[in-house]
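Below is one structure. I have some questions about it.
Should a chain be cited, it is by its letter among A, B, C and D, assigned in written order, with residues numbered from 1 in that chain.
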Amino acid sequence: MALSVEKTSSGREYKVKDLSQADFGRLEIELAEVEMPGLMACRAEFGPSKPFAGARISGSLHMTIQTAVLIETLTALGAEVRWCSCNIFSTQDHAAAAIARDSAAVFAWKGETLEEYWWCTERCLDWGEGGGPDLIVDDGGDATLLIHEGVKAEEEYEKTGKVPDPESTDNAEFKIVLTIIRDGIKADPKKYRKMKDRLVGVSEETTTGVKRLYQMQETGTLLFPAINVNDSVTKSKFDNLYGCRHSLPDGLMRATDVMIAGKVAVVCGYGDVGKGCAAALKQAGARVIVTEIDPICALQALMEGLQVLTLEDVVSEADIFVTTTGNKDIIMVDHMRKMKNNAIVCNIGHFDNEIDMHGLETYPGVKRITIKPQTDRWVFPETKTGIIVLAEGRLMNLGCATGHPSFVMSCSFTNQVNMSTNTHVS
Amino acid sequence: MALSVEKTSSGREYKVKDLSQADFGRLEIELAEVEMPGLMACRAEFGPSKPFAGARISGSLHMTIQTAVLIETLTALGAEVRWCSCNIFSTQDHAAAAIARDSAAVFAWKGETLEEYWWCTERCLDWGEGGGPDLIVDDGGDATLLIHEGVKAEEEYEKTGKVPDPESTDNAEFKIVLTIIRDGIKADPKKYRKMKDRLVGVSEETTTGVKRLYQMQETGTLLFPAINVNDSVTKSKFDNLYGCRHSLPDGLMRATDVMIAGKVAVVCGYGDVGKGCAAALKQAGARVIVTEIDPICALQALMEGLQVLTLEDVVSEADIFVTTTGNKDIIMVDHMRKMKNNAIVCNIGHFDNEIDMHGLETYPGVKRITIKPQTDRWVFPETKTGIIVLAEGRLMNLGCATGHPSFVMSCSFTNQVNMSTNTHVS
Amino acid sequence: MALSVEKTSSGREYKVKDLSQADFGRLEIELAEVEMPGLMACRAEFGPSKPFAGARISGSLHMTIQTAVLIETLTALGAEVRWCSCNIFSTQDHAAAAIARDSAAVFAWKGETLEEYWWCTERCLDWGEGGGPDLIVDDGGDATLLIHEGVKAEEEYEKTGKVPDPESTDNAEFKIVLTIIRDGIKADPKKYRKMKDRLVGVSEETTTGVKRLYQMQETGTLLFPAINVNDSVTKSKFDNLYGCRHSLPDGLMRATDVMIAGKVAVVCGYGDVGKGCAAALKQAGARVIVTEIDPICALQALMEGLQVLTLEDVVSEADIFVTTTGNKDIIMVDHMRKMKNNAIVCNIGHFDNEIDMHGLETYPGVKRITIKPQTDRWVFPETKTGIIVLAEGRLMNLGCATGHPSFVMSCSFTNQVNMSTNTHVS
Amino acid sequence: MALSVEKTSSGREYKVKDLSQADFGRLEIELAEVEMPGLMACRAEFGPSKPFAGARISGSLHMTIQTAVLIETLTALGAEVRWCSCNIFSTQDHAAAAIARDSAAVFAWKGETLEEYWWCTERCLDWGEGGGPDLIVDDGGDATLLIHEGVKAEEEYEKTGKVPDPESTDNAEFKIVLTIIRDGIKADPKKYRKMKDRLVGVSEETTTGVKRLYQMQETGTLLFPAINVNDSVTKSKFDNLYGCRHSLPDGLMRATDVMIAGKVAVVCGYGDVGKGCAAALKQAGARVIVTEIDPICALQALMEGLQVLTLEDVVSEADIFVTTTGNKDIIMVDHMRKMKNNAIVCNIGHFDNEIDMHGLETYPGVKRITIKPQTDRWVFPETKTGIIVLAEGRLMNLGCATGHPSFVMSCSFTNQVNMSTNTHVS
């Protein structure tokens, strides 16, 4: 991998797919602004006083059109911004191009490799002289994780002289994280500690990231203040619920063109995301079955007329499977083997470990047929039947469609801006 | 049975439960008038010209508040009216009282025996001198049937001298019909033929009655013109669909107070009535399963996200069963034996032969516990579990609640009035 | 008012409408038990160990069939119970009769006057020797209020010798409360303080009662521990939401038989209760308009496709008005004057002060026509048009129908039992 | 315009965008086959007997993946097929490529000019020697129109020697039709009459085309038998209703990414298509307003809780406008001028004359900004506000998304195959 940073004529760094898409991105950003009254009101209210003047903000959050409006709100309030995506498939390249050209340092493109992904994250955090950002806007906690792992490794190195060993882990992605940190220590053994020292705090966007933070808080390993944006009612009860109600069918339609009416759809998990997904599928005419381990959420599903079963009960009869749990190992390769021909399997939870992609990829004799990017048919050797997996098990609404629509993201992101505003660097 | 006709101070005949409820009936009729713009517009448009002046109209149609507004529309247009209900449980006694006191000859009360029912029907058709009515407003075809059977018997009697023998049939209800006709022949051997001769025609309200008429038409036995009101789009696509969507849950709630949300409900038949019932149950939070023999209707159910199965598939798992087919022998005693404890069984189709009440009543050792009128628990001896049967298998929305609401009946009945107007006696 | 307590053959006190309805009540209680798995599981789990042995529980909570199953669960766990209703219209007389005959001291009937209501409350709390109850199950806080006001008055009396003066207040209902306390002080000047001393605490069922408790807590006037049952997710997110989704249309249908489809319905307030009401009306085919002062709830209404307006915007165009706010003075007589003829006005919030009944009753020249109990038409003199007010502005689902169905009340009441169990008298 | 036909290695003619997309098309065709059980059952049942052996079928119907499965069903039954699209934007180029390479002569690509469109239609009908097709599968009636106009012109030419004059009409599209016919007459003055003579008949897919046919039948100008496929219940009650319920939001999302929840959407027309569109928008959380001139359809809208208004009432307040009427001049430029900034205007009726595109394009000072293909923002000079017009006013579900999904098209197209089968050339 030989990635190199490029620079705009004004000297700002970036790495995007195609800067020539900036005009197209700008047109869609302008449309989105009309749909994002919360952010635009922030600009009107806080723009003149520039509360972020002098502040550096690093964001690790899907680099979409909506995020572009967030970024330009932050810059309108005075901030300097560097950005990367928090998912390898979620970048909209025209959005990245417009921001890179006009407003902030962007390191993101649709279809990154994992190596590229973490390179982008590291670029996003690296402000050169004077340490890292003042604030992090995180979604899923990868930026936060990199700093924490970096600090831990630097302290170990200082004590014992040992650098991190990528071979010490089986986890393919964590190997990459360790490699990046190892290389960083060689260049500057205080890099991540300088970041930590400068950092005022992080605001975390999503359920999964928040869970990570609470775990660190409990174990006393959290290195800086964190703000839970996710649990704002205008985030989790809007973005998770209404956002997914919109973007799940959008992703299904763009990826597969399949008729949802008349299908049997299984929604794994009936939290806010699951409720939005189930509502969307039911309204589109599917018969929805819910799997859920929380008894209260299960009872809510029943009250809405949904059948609650285990995945095993229905694995061979359903047409569409969606994971929304925020937990791992929900749909395993052994489930997938038993599914109907052309059953659709997808995930709309934050991380890609709800679906056992590793098990599928390494299944003996399995054959992958790429219908189009982010839509693969996997054929099992015994049955010759195939299943359709979307976005390689990652967030299907961002991988196969364009994520949540602007209006609901305005609700979410206005929380981000106000959280940041409240904690601005004085 | 010693039923005797009573007379108002003005000399009009009637037989109702309690004339003192007339004031209460009048108050509700006045409320209903506001909700029945179609009928009130008929009064405004046709009232002055009195197209029914001199016409006799006999109606056999649920004697409810809504029907009261229909009757008073007919009288406002100049008609003389006699009325009976077309179901032993469907009369609203305060409506009958108000009409009997103020507007027309009524023979109807809630909870008639079958003998009383047919006595009422015969009274409704009997205008004394000069034969019967000019027009019949029929719902289900019982008035029409009585005339047809009467004419047939009179012709047989004229030819052979034989009067009808009630013992010639096993059908308990038809025994009663034959008895009435036999007694009629003794009094006047041309009674029903005089009715037939005077009659301009019948307008039939409902699917089941229309089916009977088409059968008679095909076999060449239909004795007078008939108008199919049911298939008017403003009847079958409104009354059957939206009416049942309203009155099915109303009947369930009044009869059982059971929570519909979370229940498994089986709707037998997915025609207009079934579509209305399924929509109501689904919206109330039940999981709805449809049984249907018509492939197109079955496919429509699927497109709405409903599961389509056979009754046998679900008989032991469902909580609520509703028959809507217009056919007979849908839920048999053998099904009922297998149901869950306190499963609710009810019918919203026109006739009471969708549910095998005879099989249930004669099941060895079965025990009937009347919770309240029209709500019975039947306990099977083997299992000691019981099922709840509504309205003794008859139209549950009329037996347990008050039938369809005024507004949708205004749509239906305006057809009746206009049909009648179009064919008025000149 | 000369009310006198009656006694069963076993000597237990009661005052109900008609003890002969006990058999009917028992049949419906048995049906309800099948629908209340939570309570029945409590009996199975805690019945043998009798955690309430020796405990006195007083309940002020709608005396319905569902509450009967709660009461008999409390007695199955060993408690002695006295009960009154918390609303003058909410008692189901057959339920009260069955409980009075078989299980507990009941003082409740449908259609109490306010004097009778408070007499019942006082009877419910009075256990004779040894002070009052160990636990109170309260719904709306009237039992709690009576004790607090009683203690306050007794302390004042002890200090100054002054008894409460009913004429000191304009509030008609509070006059009655003061009268009862005054009469109590004369009989026993330590009555309410003895109650307070014995009392372990209260568990409060509903939002409004909880609000009162928090206010007392803030001002330091709360005299005993209180448990907030309302905010249990299995109460407020089930009972308030799904319960009202069921019982609002039930009440509308029983009271008015009006077709909901095609109507314009205004739901004042979009909290849990309002969400349930709006869902029910929308699903039944009404066009629903929401009034809401909380911006987040208002935005949720919008996301569900509901129009959000002020009451003034729509007062003259809507057909149905429902108050769900938990606040007072929502629909004033000045609104009612502007409504369409036969607009329906009702309240499903806990207290009857959401609708300005006082303003309506005292409106010059207004005429009240009682269609049937709990359904009144009020005609304004200027316009001669009338509005239909349900349950005299009190909880229409309990006044006009039978309240929430058993299954959802099982969720609520299981909280009550477990709260009580957790705090049982050792 | 210098279009030239290309040939496959086997000599079959075609003209498509990019034959290299054939593999991609084939993959999606294989997915669609699983979703089109009706067509696959036709292949299984009729394939062996080859009822179309020797028959030439010309189709003018959106050249999508679903149509590809139809075409290959026709060829599996023995037919030779030539195909064009019936809309300039509806072709899926990978579908066209796969069919052109593997199965039939295709003349279609996404984004044809009108000249190209009619060139394709003419190519589709031209089978060289021996006249035209035996059967036409028409959608909207353009192939049928071309033959009728051709025959008319040839007869005129034979009589008077006059060829059609494109300048005789103001209609831009009809100019092109006349040009093609004129040029055809020069080459072969009996071309269209030979077509007519050979033709067994046409089966017409859609409402609009059927209307044209009935008009020709009434005026006695219909030259050959026509079968009305549209009115099959498995077409109009499925494709129009459930198809649009799926593809309308799909088109909106792909074109604009706009959040539908919370928007005010106007659906012009409440026939089957309008019902599907309104259902989709309502379920997605929009507030839906219907405009409708048919009183029964309007009343149905009301029964579903939709507001019925005129377009003028809401033109300045709504966010989304969809025309579904099948009539012309529904949304005029004068309406568009009054709309909110970024209001979305689109059509899902068959023809592009529901929206006044001509008025918009020629509005003085109007500015067109193409966001992306089929998504244009038109800015009015006075207000500087813009509206978003989809697919240039043509069928937005086919222009901006991929049309109806496979399953429902299987229902429609199975009618086509069976109609054709029933009338096959012996």
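Definition applied: a residue touches a chain if its C-beta (ideal position, glycine included) is under 8 Å from a C-beta of that chain, and two chains touch if they have at least 3 such contacts.
Listed by chain with UniProt protein names: A, B, C, D = Adenosylhomocysteinase.
Just so it is clear, the model here is predicted, and its values are computed rather than measured.
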| item | value |
| --- | --- |
| Remotest chain, chain C (Adenosylhomocysteinase) as reference, centres from CA atoms | D |
| Cα-centroid distance, chain A (Adenosylhomocysteinase) relative to chain B (Adenosylhomocysteinase), in whole angstrom | 60 |
| Interchain centroid distance [CA atoms averaged], chain B (Adenosylhomocysteinase)/chain C (Adenosylhomocysteinase), Å | 39 |
| Chain centre separation in whole Å, for chain C (Adenosylhomocysteinase) relative to chain A (Adenosylhomocysteinase) (CA means) | 47 |
| Chain B (Adenosylhomocysteinase), residues touching no fewer than two other chains | 242, 261-262, 285, 299, 303 |
| Topology of the chain contact graph, where touching chains are joined (line, ring, star, complete, other) | complete |
| For the chain D (Adenosylhomocysteinase) and chain A (Adenosylhomocysteinase) complex, residues of the former touching the latter | 24, 27-28, 31-32, 34-35, 65, 242, 245-246, 249-250, 253-254, 256-262, 283-285, 341-342, 369, 371-372, 377, 388, 401-402, 404-408 |
| For the chain A (Adenosylhomocysteinase) and chain B (Adenosylhomocysteinase) complex, residues of the former touching the latter | 261-262, 282, 285-288, 299, 302-307 |
| Residues of chain A (Adenosylhomocysteinase) defined as touching chain C (Adenosylhomocysteinase) within the complex | 233-234, 237-238, 242, 296, 299-300, 303, 411 |
